[in-house]
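My structure is below; once you've seen it, I'll send some questions.
Order as written gives the chain letters A, B, C, D, E and F; numbering starts at 1 within each chain.
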Amino acid sequence: MNAKKTPPVAPVSGTVVPRYAGPATFCRLPELRDVPYCDVAILGIPFDAGTSYRPGARFGPQAIRQASRHLRTNFHPDYGTEPYQTIQAADAGDVGCNPFNIEEAIGQIETAAGELFSRADGIISLGGDHTIALPLLRAVNKKFGPVALVHFDAHLDTWDTYFGAPYTHGTPFRRAAEEGLFLDGASMHVGIRGPLYSRDDLARDRELGFKVIHCDELEEKGAASIAKRIAERVGDNPLYLSIDIDVLDPSHAPGTGTPEVAGLSSRELLNILRGLQDCKLVAADVVEVAPAYDHAELTSLAAATIAFEMLNIFARQKSPSEKRP
Amino acid sequence: MNAKKTPPVAPVSGTVVPRYAGPATFCRLPELRDVPYCDVAILGIPFDAGTSYRPGARFGPQAIRQASRHLRTNFHPDYGTEPYQTIQAADAGDVGCNPFNIEEAIGQIETAAGELFSRADGIISLGGDHTIALPLLRAVNKKFGPVALVHFDAHLDTWDTYFGAPYTHGTPFRRAAEEGLFLDGASMHVGIRGPLYSRDDLARDRELGFKVIHCDELEEKGAASIAKRIAERVGDNPLYLSIDIDVLDPSHAPGTGTPEVAGLSSRELLNILRGLQDCKLVAADVVEVAPAYDHAELTSLAAATIAFEMLNIFARQKSPSEKRP
Amino acid sequence: MNAKKTPPVAPVSGTVVPRYAGPATFCRLPELRDVPYCDVAILGIPFDAGTSYRPGARFGPQAIRQASRHLRTNFHPDYGTEPYQTIQAADAGDVGCNPFNIEEAIGQIETAAGELFSRADGIISLGGDHTIALPLLRAVNKKFGPVALVHFDAHLDTWDTYFGAPYTHGTPFRRAAEEGLFLDGASMHVGIRGPLYSRDDLARDRELGFKVIHCDELEEKGAASIAKRIAERVGDNPLYLSIDIDVLDPSHAPGTGTPEVAGLSSRELLNILRGLQDCKLVAADVVEVAPAYDHAELTSLAAATIAFEMLNIFARQKSPSEKRP
Amino acid sequence: MNAKKTPPVAPVSGTVVPRYAGPATFCRLPELRDVPYCDVAILGIPFDAGTSYRPGARFGPQAIRQASRHLRTNFHPDYGTEPYQTIQAADAGDVGCNPFNIEEAIGQIETAAGELFSRADGIISLGGDHTIALPLLRAVNKKFGPVALVHFDAHLDTWDTYFGAPYTHGTPFRRAAEEGLFLDGASMHVGIRGPLYSRDDLARDRELGFKVIHCDELEEKGAASIAKRIAERVGDNPLYLSIDIDVLDPSHAPGTGTPEVAGLSSRELLNILRGLQDCKLVAADVVEVAPAYDHAELTSLAAATIAFEMLNIFARQKSPSEKRP
Amino acid sequence: MNAKKTPPVAPVSGTVVPRYAGPATFCRLPELRDVPYCDVAILGIPFDAGTSYRPGARFGPQAIRQASRHLRTNFHPDYGTEPYQTIQAADAGDVGCNPFNIEEAIGQIETAAGELFSRADGIISLGGDHTIALPLLRAVNKKFGPVALVHFDAHLDTWDTYFGAPYTHGTPFRRAAEEGLFLDGASMHVGIRGPLYSRDDLARDRELGFKVIHCDELEEKGAASIAKRIAERVGDNPLYLSIDIDVLDPSHAPGTGTPEVAGLSSRELLNILRGLQDCKLVAADVVEVAPAYDHAELTSLAAATIAFEMLNIFARQKSPSEKRP
Amino acid sequence: MNAKKTPPVAPVSGTVVPRYAGPATFCRLPELRDVPYCDVAILGIPFDAGTSYRPGARFGPQAIRQASRHLRTNFHPDYGTEPYQTIQAADAGDVGCNPFNIEEAIGQIETAAGELFSRADGIISLGGDHTIALPLLRAVNKKFGPVALVHFDAHLDTWDTYFGAPYTHGTPFRRAAEEGLFLDGASMHVGIRGPLYSRDDLARDRELGFKVIHCDELEEKGAASIAKRIAERVGDNPLYLSIDIDVLDPSHAPGTGTPEVAGLSSRELLNILRGLQDCKLVAADVVEVAPAYDHAELTSLAAATIAFEMLNIFARQKSPSEKRP
């Protein structure tokens, strides 16, 4: 593809237009319509009708984009990457979802993601509540088949229904399992903690094909060791990363709907992600940022940083010869 | 009814248990199960799936109850009432509504309100978003027939559908009109302001039977004159009061989903309500308190005060001989 | 007194040291120890053990001083005064009060104010909760005899006891009446509103010698007319002004312990104060600023502005020939 | 100009994409590059190095755009306008200003506004601090000659220098007077209040050609009468509207750098603006929104509403036959 | 006791009534009057007159109960417990304490706790400031004799008096030592850190019978090792757990009166508690939650989680055969 | 010098005047003018015109002083010091800096620090943004010659220029290197993390003479080991400590201008500082506290604690025979 030979369109430099000014896209990246090709698209999915406790993740995408202005992004020493020189990233805007009809919204998201995959090799989605992982996984499957699913979360999200509703933010991975959207032997939950709905939750979860890394294991074993276990389980499979921001401790991410104390620090989470840098990432989401409960952009900055780390994992794949840091 | 001859069960005194302590019911009133009869029941309806912009009114009832602890309530000089000696008020708890299915939730609310009307003469509902006014009006109609509807709001809430959804917080009074739930010649919107979806909104609204008092008229004519106009239009009809907290200016009620600047002050609103003290109130709601956007209980205290004023209108009806202040 | 012939020591100029820098005294005034004489002393009284609902007024004095940095203060066109050229004002620091023993604290405040009156002609106190008005009135009486007491507040503060405690923020003016500290025919409450503890509260209050201007009268009659009524009642008597910040509407003063909706705007309050500019002010307080509930210095800035207006009333007395604006 | 015959490109409908989703432009308007012609351009000027007290207005433009999502904007009954059908409005993005060099930034703003005037008939600027009014007035003068300047503010902003700096947010209109950028007999300050730097401030201000409407006059005379006085003074001259958000009371606009109590309510301000709807507006700014001090978008929503009212004044000029409401 | 044979009354299910709705009791447990017997009672003690710095813990109990709605509570995998099937827990409401008289309040608390112990086997108290630990320990002693006291706190709380007051939140354990309320060889402070009032504080503390685990030891030795040391010192003695929320780092618990940086993370604290799960817990408190300083329920959620962990320690005692996780 | 023989003037005791009352100096220390000699002066530098992202550090000094009221300070067990008995510390007030002219402000700071060094042996500066480190290092050099510079920060701050400006908060240490103000072989950055402006940043930084300790090394090696490495590199050289509060994780220090996730906890930072207690500290700064973004004094309390730890390092030097804890 000749078009791909042109160097990527990069964001405006922070030395020409201050970072608090200029485009409101993620990291001030070009809009999708402004690039001739796209390696990774950022997609906003402002949807929160699947929320069981504190709503407001519908404002997540705008808050994450605003917080991404903070980031200095030319060179990432932990990945050895210069993402704007290596890959063409672009902001694909938001999916317009019906706020009053969960099933229609799921259809809209699946359609939008499917269409976007025809233009972009990879997608990083900004939620929105965790409901959106299901239609995203469906679209991913159409392109890549079943994927390794690595899910960072305080909660399993594999419950069956809430109030009779099959599609909520507590159920996407049960549905995904039923639809065979991920690879049994290559998928994990990371960061799970706290009480459960029933004594059988964990057993049922295992039957769906998941392995669980409990949050406490981090304290004992450290991020590097955890990352290694995850990377080994994922192997060479195409990887879908789904990060519920509540995997972080509420002190690091107060702006979310169902906070759970005793969670990961942002340093632990980033260190695990950096340990996954040679995985074959094909799509990812960061969800459950509810800005009304945030303070001083703590949560949205964490989410923006996570999304940017994901961008660097994509960038690494395009420059595999690059010596690791 | 002999039972009614016993004096009402009053809240615990603030001189025995400090107001910040003790029961979490509205104004620390007895629970419904603790009273032999009930003149007015307070009903929480924590539901916000009908919200078009900032969600969170599901936390409204608890926040209003908590703010009601502030109120000193034995004697209200503006009504000449001692409500706890005149009527039996009680807190009926919350309706359990399905957060994922608007139509099911509407049914649950209608049922709960209907059952409550078999135990209580009047109901003051604490929302929740404005969607809840429809099932409440349905239950009211079953008991009282069509009522005068006086609706305080920045917005008309008579739109047809949002995203195809007929039941949302922007449509209850269109549905109510279609179902004939209120009296054409006795109903009004008060406090309407700001831009509209189309040039025809106001005309269509009139066709539904409403008269509009625009927010600006307050500045020119004053609360007393506005109250008089409303009271005359309501006349002797049974009255349903529906108060969207966003009728207040955002400076007085920041904690709401669709704030609109240039609104009423709380003093203006209370003065209008006090001018309606001899109306035949049968039910009322105060809705759209979204605590995540509130500060220092500003909005929830306004809502609690409004609900307490409603209680005094009820109390006045039970003591009509009482000389007006 | 020759010493008084030296021109007053003025605050450092905002054109030399930015207002957000420099001394942390009220309006960056000199400390009391730095002036050869003192017309008006500012006294902090960080005490809140008399609070019945939301505590925190112990942090009031520091917050008001910090907010006073906002004020541009050389010339006040509404008084025609240049206070720093006319009078010597100084910050006398804080009274150290026992936070665990109300009666001991009252004694400490009375002693401190008494000693300060030997150095300063007038005192403006920054509270602290309203309990402090009692010892201040005692000290004022020792110097001036009974005074006209004009009390701005949402509440009467003439209750008898709370939980058996005679000295709390709800009782200072009952105690003051019992001790004969103010002039019956020259005293008023302004801004009273809301429900009461009992039907007799107002009658009992009248027996203590007070006249009440209800908050609603402002809407009908305007600030100028209200000010005139107050000034006439005060007459030539020495005046003690006591301003509970909750006389303002919670939208103007959220940072207080017992907010009551439907209050005064800050514009209304300042306009009344300006109408009292030719009264013979001898002492004043502004109380009940609870910074933990404030936002963006809204409340503390209102209090600082009020204290500065008081300073200008003092300044007017020293330059009576000055033509009124 | 044939191009102008095509109907304006309108924002995406809120019934297709929820208002909290989609473009981050002002009112989700098209970007300037997406329209064939432009009647009114919205220009962000994120600059606050001229601030004397609380900084942060550099984040104003993004916050105002985000808050503009709240607005329902198809038909404005107070103007009788359907702005998206009458005029082509577009968002021109932000000026990239040097944050460390005030004079260079002023030059960048003047250049950017000048270039924008070659593409757009009118400009509404979103500040940034009030320093930006000077380069904007310079650019306006190059196109329209001296203009009537109507300036809403708590402060005069006609001081000479601060710390030796001639260009700050307290001096733009002194510089503008020296450069002859506005019409002496047609210009006003509206909303001025509070103490001053010196007894001569007002006299000196008058010498510069300004008339002052003090904030208190509003209380006595009402918005309609004030608007009439302004409109008469402006007459048929081209009008530049400059609105410092601190003209509003801090309760209505806490998120600003130099709040001053006792200000206008948003209702008063909007009513004045609506009284100016037949003036010949050529350019406007709304400045001094400092989001770090805002709460629940109170201030940014006020600013967004003001900017949208300005848009409707522009729209009225394009449809003069439209019957006034 | 036959009554005990009935299965416990459990909270309403979150799948019938959403967790943000329904009873305002701790974890929506039944009220004490609604259960035939009670293994563990939750007791609110809204008292903060013993506070030396930031007051406001009087609002702690309500805030902790509200935050407890977040908790999913049927099965706790870290304890292997299903508490609602094993023990009867109930909410006993609040003690009404005199806010103006510390000694009277202490008496009221001791009386209330004593009476409650006649109905309930164990008590978990929600403070309130730390003053309340003294009357609670007195009541505990009447039932159990001297207990092992394990006290988590940033501060020793064994000072003698403050301002002459013997009963404040800084002195309860000095008084408790003087009254012989705890076992010398089985008691500890955990999490102590920061500067002290004098060089002798630690020595004097040791004389009272305490052992101190400094906060830094956690970093070196880890939670499991610390828990082991505590459990060994406690042995088989009846255990009183007293947890001042300021033992957590201010980033984890900002909403408290005397925060001290460099504290425990919530993960560290929970891991220690889980290591104490086989201790013979007889009563516990969690104190010093001051909601006015909290953000997004960070602190109250931590406190609610801690109280729920305590509930599970009680539950473990009732099901000792349960295999440990 | 005989004067030095008098015991130091200590702050007022917290048992006489509650810590929330009394002087607004750092830790309520005496003002510089009140002490006959001065070992360590605290200097406020309210300047933030060099800020590239969120401004507001001009309010840092007052916020840090206010937060220092929290500290109990008589004896620090981690240093074995009783600072108020060992050294004379005093608060030297604020430097008045030009907010509109960076170069003039730098000159003012250098002059003020130089003059202060003629009265005080050591200086602890409270920023302000990091720009101020340059003039402080210049003044330090005049007294001590080149120093070991240990710089805690998330960012290198050795960039060349921003927008052509050589003096900003991102460039002080580049300028300092060019001017030879620190010792190449004895200086370090600690806590660096996150993406960079370019691949060469780190290499260029090394050329300036710095060694970098990346934030992640803490997780692996622990604070004690890091402190040892720093202390060894510093050796016996005079030490300048510069602590940008953003070296802390945003959860520990949200109130800063350019937060970067994955940072140090306050416990880690304090433990490193305690490991430097035998270094020859001659001057220090703690910068970049932006209170508008803070919550519940989290950030300003961390900064106040850091400044107090610095005071104890100074105190240790005066009592070297003191046995280490």
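Definition applied: a contact is a pair of C-beta atoms (placed from the backbone, for glycine too) under 8 Å apart; a residue touches a chain by one contact, two chains touch by 3 or more.
If you're wondering where the values come from, they're calculated on a predicted model, not measured in any experiment.
Farthest from chain E, judged by the mean position of CA atoms in each chain, is D. The interface with the greater number of C-beta contacts, when D-F is set against E-F, is E-F. Among the remaining chains, A is positioned farthest from chain C, on the basis of C-alpha centroids. For the pair chain D and chain E, the distance between mean C-alpha positions equals 56 Å. Look at where the CA atoms of chain B average out and do the same for chain D: the two points lie 38 Å apart. Chain C and chain F have Cα centroids separated by 40 Å.
Shared interface positions of chain C, defined as residues touching 2 or more other chains, are 18, 20, 52, 58-59, 99, 162-163, 249, 251, 265, 293, 295. Contacting chain pairs in the structure are A-B, A-D, A-E, A-F, B-C, B-D, B-E, C-D, C-E, C-F, D-F, E-F.
Chain F contributes residues 12, 16-18, 20-24, 44, 46, 58-59, 61-62, 65-66, 93-97, 99 to its touches with chain C in the complex. Interface residues of chain C facing chain E in the complex, by the touch rule stated above, are 48-52, 54-56, 58-59, 98-102, 104, 162-165, 168, 292-293. Interface residues of chain F, counted against chain A in their complex, comprise 52-53, 162-163, 194-199, 201-202, 215-216, 219-220, 249-251, 254-255, 258-263, 265, 293-295. Touching chain B in their complex are the following residues of chain D: 14-15, 18-20, 69-77, 82, 222-223, 249, 251-252, 265-268, 270-271, 295-298, 301-302, 305, 308.
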